């Protein structure tokens, strides 16, 4: 009996075609081009090079590499689950994006009953997709592709509603997505894996290991993410100096966390040897940690310090917290997303709040009310006109004080985590439906279940008898 | 006796140096900088940031990744022919590009007896190079590097003449190159492999297989192509909303075809298992299928539907048509280019014609005559002045009706296929010259013939005795 | 006794944290945002899209890929030292960049006691980082991570001072960095490896070999470098036609050197077989060779010829010079940086001088004094006003003649090489301090010393007894 294998032959196509028909219908009914994509809006005053596509597409292209090659390689670190990691990432990503175009579009980009489509929506949809892929990290190797698609089907709307509600009602600053992307994705994923708890995996699993080649592949994924992370963190900031700072801070934060990760890996591993798992994951912590304050005038030194602190928290999480979560709290977090996205996301959010509290006009100049736009004076306030003379195009805000803005950030953190956790638990329960062909414990982390695997000698379990024994015992 | 190996020691350098001397001479005599690259044309009205390089280079850079890393990894899928796939791709690509700069430049970019060189020519040359690389897919592993260089030497001019004649005399819409790139490349390649038919390969070849690592590498190639395909399809559209739509449609088409490919792979393979070959190739079908109408107002839903339809055709081609072509029609299409470029190219062309037929000013606004520029009124037509008031810079066209434009598209399809097929057959005949060191059947798909291969245990044929036996028998 | 392994447990963290505290302090004290990153400088005349980040960031992103994925994969070519090559590259690169931001910033970007930080500094810092990584190539596999960090700690300041002095006092043209990057890096690295001479390595080392997979990985590194090299060579040119030409020349030079490299590899290797080491390295020679004249009006044909000549010199260097340097001159140049950066750098510098000597206003127009800005007339010269009418914004220069400029280039070449060699020797002496845990000869080129290596069958030395014997004997 091979659960999950032959059964997918019908179930996967049925699900996919049903979903595709629905998506196609929704696209046909609701999706139109935005002003920058619609030929009708080209007038004799339109300058082709002013089209928004030229501002957004370079960032989109970088994020594409992160999503498909970065995450794809990063998740391919198991020695026998390289196809699964890389290819299910591809499947889940493409599905999540098309689904997010619709769901996010409905909540955030619809006018006159039509979703206005432009490259900017694709960037937003790839952020929603990043959320699903981060959550995927918690259940990597333990879920069928059908389960993953169902997870994406449910997570995208929960995320889109949360994002919409937080942006519309709480109105927060979160340029790098520390709250909405990293914290949401982390606690959603942890809740799913909590529900899908597999006691036997806590005893160790012979296939839950890497190989030399899979470690190198995973490292390439890290490097793709590292290299383009400044684009990720800055894609949705205001244009100009805000985006410039976001790039600088992300880069500095990553440099600091990378250097720190090497030191901690040597310090905490046996014999001072470096562990590839540390290098693959912990080096990236700085990118998350600078996220919530990435466009603010926090100073380059603060970005550096955030990179170091985030890295230390992330590393200690891997070493000491993850085992406890798995053994005591039934949270088997396969890729350690709680360390790389949860702990760092919390630190980032706290730093963002601090940066909001200390923001002053002496440091930002009048453009402070651009960066913190809810702090801009309300319509009718004489201060608004004064500021608009200095910063043309400044929109009226809510006249929030720093303290008020900070409280809304706190509210956003708690409500995002709560929504994620509840959504994750419910999703986990749905994923337990037997129809979704969850793999048996033995066949976790193994491509053979879902793929035609080449009959070659590269598969270590077949080839090397001695290694095999060790592994099944381990 | 090792045909192709030691003989290359003299023949390859002789060919390369002869060709290089000719190319150098042609460069020295005919190639000059275009207005955006020539220092003399910098006047007191020139703004540095208006230089065309800033419009073209980002797209060029993306296409670079597709050509060298995308195709390079994609073609490295044979377990023992990874060097050949990746490295001959590199060789053929660099040669094709430099040759195309000259040949295409002569036909399309020469003024006053000089080829005007700018980054825009490099983009065009990389498209010509993509044509050669697609054709290369049909004969992968069965040709010596010298044969490949000769193929490029002949294919580039046949392509350049066809492209020039179609653009100059038939004047078609084909932003994504479905006709000129994909159909040409496909039927040229099929014609070559038809002439180079090797009956013994139809019985199966021990080395015509993948390994775990080569499948992963190939998958990375797919992802590079997938990620940057929007840049490929939009690089030569009009700037502004046309380019914006091209990016959106390509992305949506790819998302749809990727999801569909997973469903079909599970449906059509034994036990519902996914085949990496399907994921590596069929997921990309959507990028081709949207090509011919990629810049038009076809609606996002149509792009989605095109992605699905193209994917289905491509998948059925792999499963049912390719074996028939090989067994009955002597067409051994190594990478299945007929499925990924031929069938999808035909669907794309048909969709393009349909989109042309239904194009209306209500949908496009007056800029319809920008997108379909041959439909713009002729010089002297009063309607032209009227339109030019709305769309400044609109060029006079040919006053074609939708129906006329559609007929020219049909003519372009047939003449492109005919030129490709004839050129391919003639090229194939040239490639049979024994001097070109074609590999023997036994040494097909094997790096050992052309490379110093590291003496390591990774080569499965050496290491694993059992596998070895199976393979030499098979 | 395992030198370098357990000892790193304390030494690496101590070094890293000490350095981080210093860097953090320096960032806090001296680093501020430049005008394009500082919110205060946003006025009612600031246009967000005019921010320098949009001119610099696309080039920066390309260079990021080259540094981390290009160099990372290229240096991972040893079969048992893939982690070391890729991961120490990552470590050294991130450390060098943060250190260069400070040191280069102090010399070149400080105003009013503050280093003005923008993306342009990051590009400059990545160039300093490229210098360290090239030098690293000479000692790859023979140095501990601690030694590498110390090398970077010393090389960055020596480089930054040399760069500053050459630019400030000699005022040279060197857009592609042939002198300041390639020659400096090469002779610094050779001097270091000269001091670290290991006689036993000249007898051959069992682990100094590649595997099939490591060769493919390295090839990917080559392709990343190849694809983005035009961005590297053009990142710091003047905007507009100068940058356009830099892109064109680099691309043409690389095409020529790639084709030549294949011919020479077949010609010079046994049986006409291609060597992957040649393809991985020599194909890139053209990118270096065009460097010094990359923005000048040298003509596309000259770029082509430079690519060929550079490639020939580089290939002959690998075949005939490198063994002599190792055997006779105690210079064990692990990656052959003398061929790819030294010989080609010298040719490039010579070509640059020639291009300067023949530069004429007929060819360049008045913008000649932009490209060669030290040749612009001095302040007060009536010719300056005349030229400024034609080229607004032209800065007064030094009124140098072509010959004078050429002499300063020569002076720059010699002083750069001298500074590099002296700095390299001194650095090498420091690296011999036993505290830095240099690996023993036996454990060179072996990841086991510094990494927790997966217990898998991929490691050929364990698995395949026969191969093992051959290797230990060899």
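Per-chain numbering from 1; labels A, B and C assigned in written order.
Please note the rule applied: a residue touches a chain if its C-beta (ideal position, glycine included) is under 8 Å from a C-beta of that chain, and two chains touch if they have at least 3 such contacts.
Which protein is which chain? UniProt says A, B, C = Rh50-like protein.
The structure displayed is predicted, hence computed values, not measured ones.
When subunit A (Rh50-like protein) is fitted to subunit C (Rh50-like protein) on its Cα atoms, the angle of the rotation, on a 0 to 180 scale and to the nearest 5, is 120 degrees.
Shared residue numbers account for under half of those found at the interface formed by subunit A (Rh50-like protein) and subunit B (Rh50-like protein), and the copies are therefore classed as meeting with different residues. With centres defined as mean CA coordinates, subunit B (Rh50-like protein) is found 34 Å away from subunit A (Rh50-like protein). Residue positions of subunit B (Rh50-like protein) with contacts to 2 or more other chains are 58, 213, 458, 463. Note for the complex: subunit A (Rh50-like protein) touches subunit B (Rh50-like protein) at residues 2, 5-10, 12-13, 15-17, 19-20, 23-24, 27-28, 31-33, 36-44, 46-49, 51-53, 57-58, 61, 64-65, 68-69, 72-73, 76, 82-83, 86-87, 90-91, 94-95, 97-98, 117-119, 122, 145, 213, 217, 450-459, 463. Contact residues on subunit C (Rh50-like protein) toward subunit B (Rh50-like protein) in their complex (touch as defined above): 55, 58, 62, 79, 209-216, 219-220, 223-224, 226-228, 230-231, 238-245, 247-248, 251-252, 254-256, 258-260, 262-264, 266-267, 269-276, 279, 283, 297, 299-301, 304-305, 308, 363-368, 370-371, 389-392, 458, 460, 463-464, 467, 470.
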